[in-house]
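Please read the structure below before turning to the comments.
Going by the order they are written in, the chains are A, B, C, D and E; count residues from 1 in each one.
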Amino acid sequence: MTSVADAVVPGQRLGHVQEFNAGVGTYSHQNFLYASVVGVKQITTISSDELPVLSVQRENTQSAMPDIDAIVTCKVVRVNPRFAAVNIMVVDGKPCTDDFQGIIRVQDVRATEKDKVKIYNSFRPGDIVRAQVISLGDARSYYLSTAANELGVIFGTSVAGGSLVPISWQEMQCTKTKAIEPRKCAKPM
Amino acid sequence: MASEPTNLAISPAFTFSASTFQKLHPLEYFRKFASQGVRPDGRLLSSFRPTTVHYGVITTADGSAMVRMGGTTVVCGVKAEVAEPRLHAPDQGYLVPNVELSPICSSAFRPGAPSEQAQVVSEQIHRVLQESKVLDLKELCIEEGKAVWSLWVDVVCVSYDGNICDAALTSVMAALSNVRIRKPTYEEGVVKVAGVDLLDDENSFRLNLARTPLSVSFALLDTDLILLADPNSAEESISQGQIVITLDETGQLCAVSKVGAASSSQQLLKQCIERARERSQELRRIMNQEQ
Amino acid sequence: MDRKRVAGPELSVAPLVEYPRDHKRWTPQDEQRHDTKRQPEDMRPIYLKTGLINQANGSAYIELEKTKLACGVYGPRPGKRTGFSGHGVLNCEIKFATFSCAKRRGHMRDPQEKELSQILSQALTPAVRLDLVPKSTIDIFITVLESDGWGSCVAAAITAASVALAHAGIEMLDLVAGCSAAYIPSGPSIASPTPSATDATNATGPSLAPRIFMDADLEEEKYEQGAIVLAYMPSLNEVTHMLQSGKAEGSIVSQSVEHCVEACNKIYAVMHHALVESVGENK
Amino acid sequence: MSRLDRTRTSPHQLRPFFSSQNLLNRSDGSAQFDFGGSSVLCSVTGPAEVKLRDEKLDKATLEVVVRPLVGLPGVKDKALERNIRETLEPLVLSGLHPRTLVQIVVQTMKDDGSIASTAFNAAIMALLDAGIPLSSILGSVTCTIDSQTNDILLDPTTEELAQAKSTHVFVFDNKASIHAEDKSSMDHDQASSTQESSSAAVLFSDSTGLFTEGEYLECAHVCFKAAQAVHGFIRTAVEKKLLKEYQQTSA
Amino acid sequence: MKELDSSTNEREFLLAALRDGARIDGRNFYDFRTLRLSFGEDYGAVEVQLGNTRVLAKVSCEVIRPYADKPTEGFLMFNTEMSPMASTVFEIGRPTDEEVLVSRLIEKAMRRSRALDTEGLCIVAGEKVWSIRVDIHFLDHDGNLIDAACIAAITALLHFRRPDVTVVGEEATIHTLEQRNPVPLSVHHIPICVSFAFFDNGERVIVDPTHLEEQIKEGDMTYTLNVHKEVCALSKAGGIAMELDQILQCSKIAVIKVAEITAQIQAALEADAKKR
């Protein structure tokens, strides 16, 4: 498919800015395009009136880190009336080496009727939550949101220790005891 | 890679890639494989990882060895220095093993003082060397009551992927067997050795090791009472206990330890000893090949 | 006393090494280098490999004959909580194994290791696009397994760390190659058997221009009157760090910088090869 | 034949053991356990506030601190800390107290051999005294194989340890013995065979020195039988304490 | 773990009682709590109970090389590291202020007052000396750790016997306990600490405060004396300012207390010696 000959390393000059647009894994410096990661050079032509995009397909993906708008999977570690604190474990389908910290503030739990949200009716410690990064947050945590249908709790364990299945967008049921517990559920895709 | 089990769902509604699933539910991930009799790295529950031993890799040390056990790489270097003997043991030297688990080898270790794990492994090796009388410390005497050799046996873990215990002890024994110390002369409180380029039996001596104990470790998974030979770091993190069997070349036991997890039957321990016997023979074969 | 390690004697020293009278040791008076196979401008052959440490995000192992070190890169990962920063932090820590030098080293981090860590982070930071990893830390850990020359060790650490960073998939402007050279006083071509010949510093007249030995080993370093370590980005043709120590004339310095740049270009080829090789492996 | 300590006549004899609970005022539970001239005092605090760093989402964090009688704690004590912690972890029903700390401090008071076993027994009694929920209790016994006579000596003294060619520390939980008791009440013939097979279940084992597999299994067997006495003793101690408390509250 | 302050009720009650001339455990102001000393089978191990405060002291010895500049001086070392057993405020490796204070006072009381003859610990000058180590374990903290620790340390030193040694020329032979009776250390004098706590601007002075009293006190002072009325150490670390008169008044009380405690220690040692 790709030959080693197309492999480039950071700093390798790939072309002139008049010939190509800079894509991922590249940067421009004094009218030239250079590779910024190890990978395979790729040229994609979008349309005839635009310059082709020169990019480098990463060979070793960098350890995942949260970025604005990224979809993350995280575990709830503690809750209080103002926010749920989470450990971000997966970013855009890629596991992080070390967990990053995030919080879902009460106003970011859902899109509508924000003033009626109670954190403890939305998340419990141990829940696995799918969320979106909305800002880099403060020194400690990224700020996350679950205010969309496909975002929210995707896996949880009931008080009795059984696994929970969603029965509506704000309720989940224990498979063992059939007890219903409130959650902000993610809509299965 | 073993053939991946197809159903990686944590609940019927959501599916994930294998790596994501492993991160979120390491135990479930492992079980999916174990239920098919294999481990995520493709091994059988009872098989060990490929192992290599290289001798004399460090020329600044008086004896050294590098051991690779799967993804775990350790380097052991022995330095012989001169020290005053203890007053109550004036003709005995020192043999001081220490294992360093520094942050280079895994993100599980932080910079600073040795972690509990590093301390425990160091102590385990220290005890085996001492209790199963590997080396007569009188051999390290230079001048009774005045000067003895102190052998600093330091193990550096370069890459950590579980089972540091076996890798470290193997490297220690290999490095000790590789040691060559220049013959010393003692004169008026000063220990001198001759500066020569090539060490031979004329100008140096080797350690007379009474035996070569090697350890074989298993991880215990409580929930399913599964026994895993030579666990890697992902397996260690989901296991509750471990069994370590240490044997010398005659098949005599030097140490048996079972820590953590629920009670295990005598049958299980016998099984471990049996497997350990075979594995330690194999390790010895690898060690002898390279020498 | 160190409670967290198996205790040995409180004090121990290396034995005194006594050389026989007829023992021949290398001195700067020798025409050839300590390693007789090398010319002054020759480096030792480099062995460089990525991916030794499987728990790390990126790693490299480098060997210049006896100089051996391993480097692991972790991150970007959550940084220490010291305020919000739009830029990432590059954190370097270098540690010499206790058995890595002729004299046994301690377990604790000593001032030399701290200084080296500083040099490394200065040499590498300009090449890493830290603006792309806000709030995060990239940790570079280096363990020196054996050191045969201080300068070569620093240079090897820079080279290995830069390859490990690229191996970790971290965005960089360029690779950084490290190279060292030592200024060795050149004696008379015929070694004079004067008693002062053993004392290297006195043996040389000040008038003679020193020779420049690339990638000097420990034995040669013992006689050096100065040395230089250069960190250089070969594609961009930029220097990220330069450390000149000792006394040398300007012409010697500029000459050795030229030599080092040239050598860095050779090292770059090795780095390139090691990284491209890893591309093939993963497929 | 007599033992080195001259008070015992049989190699399989334990030294007299003794315990008392609820000795300390500043901890939630405490106990002292003596094997002859060896004595360990143990305190338990918890469930209490846990440091954020050590917090576990779904269970209590167990912390063990071992304090030697002489000198500062070293790697040896660290190893014992880890052994005690990992042995107790499956016993403590830690899921009942998530995000809390159960701290166990083990202090050697007198040292005449078999300290690890004495510490294990003191720890379980202190946990009982503190009312920490447990799934079962444990009993620990040490033995050595004498380098001269090859005899298995139970509960060795310091002097006997110095002469040993190998040392074996065992811990057994009382699940096996409960099992055996049930069986024996039903059927006597079956009981002996159950006892044989149940003697195998080892909760913790730590052996060093030089020994054969046969010797190891023999030691396990001898220690298992002796551990029954320790289990019985602990049980009686708890019964007595409960009875006393009941009498106090009803009086 | 952080320690909770005493409750307002406790404080008010305790202070009200003091103003009525009573302490809540029924003691008079200048009473010590019941002091109990128990010895182990080994020499040099003593457990001290001062009310609910418990301290264990263990003395051990080894032969080591002396410092070159003090070739005839033996060593006397104290280990006063506190474990969470005594109270959860103590954390391993993070000494509290109290721990530092106690450790320094013990040093002052024992070593600086030359209670133990360190010259007498010399075996062969410049070669071999005894190093005496006192490990003080705090088991239960109900106030006044310093007095209890001090009593434990000095009693353990008095109780301790080291192996006998014979020196012929440069050669020293250390005899085992079986070969020869071990010998006691030469203790010059018996320093005893007496701690005071002050309330109501020093108007009310009590000795041997309990933990609760320590929490509420406004200031404190520790006298270290021996029966010969020699002051070995005096420590008044912070707290309210005191008039000189009050300090002198305390010293008179301390003298009496020291005599009592010393007598009790000697009686206990004699009783133990008879049993052996």
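The definition used in the following text is that a contact is a pair of C-beta atoms (placed from the backbone, for glycine too) under 8 Å apart; a residue touches a chain by one contact, two chains touch by 3 or more.
Which protein is which chain? UniProt says A = Exosome complex component CSL4; B = Ribosomal RNA-processing protein 43; C = Exoribonuclease phosphorolytic domain-containing protein; D = Exosome component 5; E = Exosome complex component RRP45.
Fair warning: this is a prediction, and the values are worked out from it, not measured in the lab.
Common partners of chain A and chain E, by the touch rule above, are B, D. Between the contact lists of chain A and chain C, the overlap consists of B, D. More C-beta pairs touch across one of A-B and B-C than the other; that pair is B-C. Put simply, the chain closest to the centre of the protein, by Cα centroids, is B.
Among the remaining chains, A is positioned farthest from chain E, on the basis of C-alpha centroids.
Across the assembly, the mean Cα position most removed from that of chain D is the one of C. Inter-chain spacing, taken between the CA centroids of chain C and chain D, is 54 Å.
Between chain D and chain E, the centres computed from C-alpha atoms are 33 Å apart. Computed centre separation for the pair chain A/chain D is 49 angstrom, with centres defined by C-alpha atoms. One inter-chain figure worth recording: chain B and chain D are separated by 29 Å, centre to centre, where each centre is the mean of the chain's CA atoms. Shared interface positions of chain A, i.e. residues touching 2 or more other chains, are given as 75, 96-98. Touching two or more other chains at once is no residue of chain E. Residue positions 4-7, 74, 77 of chain C are each in touch with at least two other chains.
Of all possible chain pairings, those that touch are A-B, A-C, A-D, B-C, B-D, B-E, C-D, D-E.
Residue ranges of chain B in contact with chain C, taken from their complex: 57-61, 64, 71, 73, 75, 77-84, 86, 94, 96-98, 100, 102-108, 111, 113-114, 118-119, 122-123, 126, 150, 152, 154, 156, 158-161, 182, 184, 190-196, 233.
Listing the residues of chain E that touch chain B in their complex gives 62-65, 128. Considering their complex, residues 2, 4, 7, 9-13, 25, 27, 29, 34, 36-40, 58-63, 65, 96-101, 136, 138-140 of chain A touch chain C. Here chain D touches chain E in the complex through residues 23-27, 37, 41, 43, 45, 48-49, 65, 67, 69-73, 103, 105, 107, 109-110, 112, going by the rule given at the top.
Put simply, chain C touches chain A in their complex at residues 57-58, 74-78, 81-84, 127, 129, 133-136, 166-175, 233-236, 271-272, 275-276, 278-280, 282-283.
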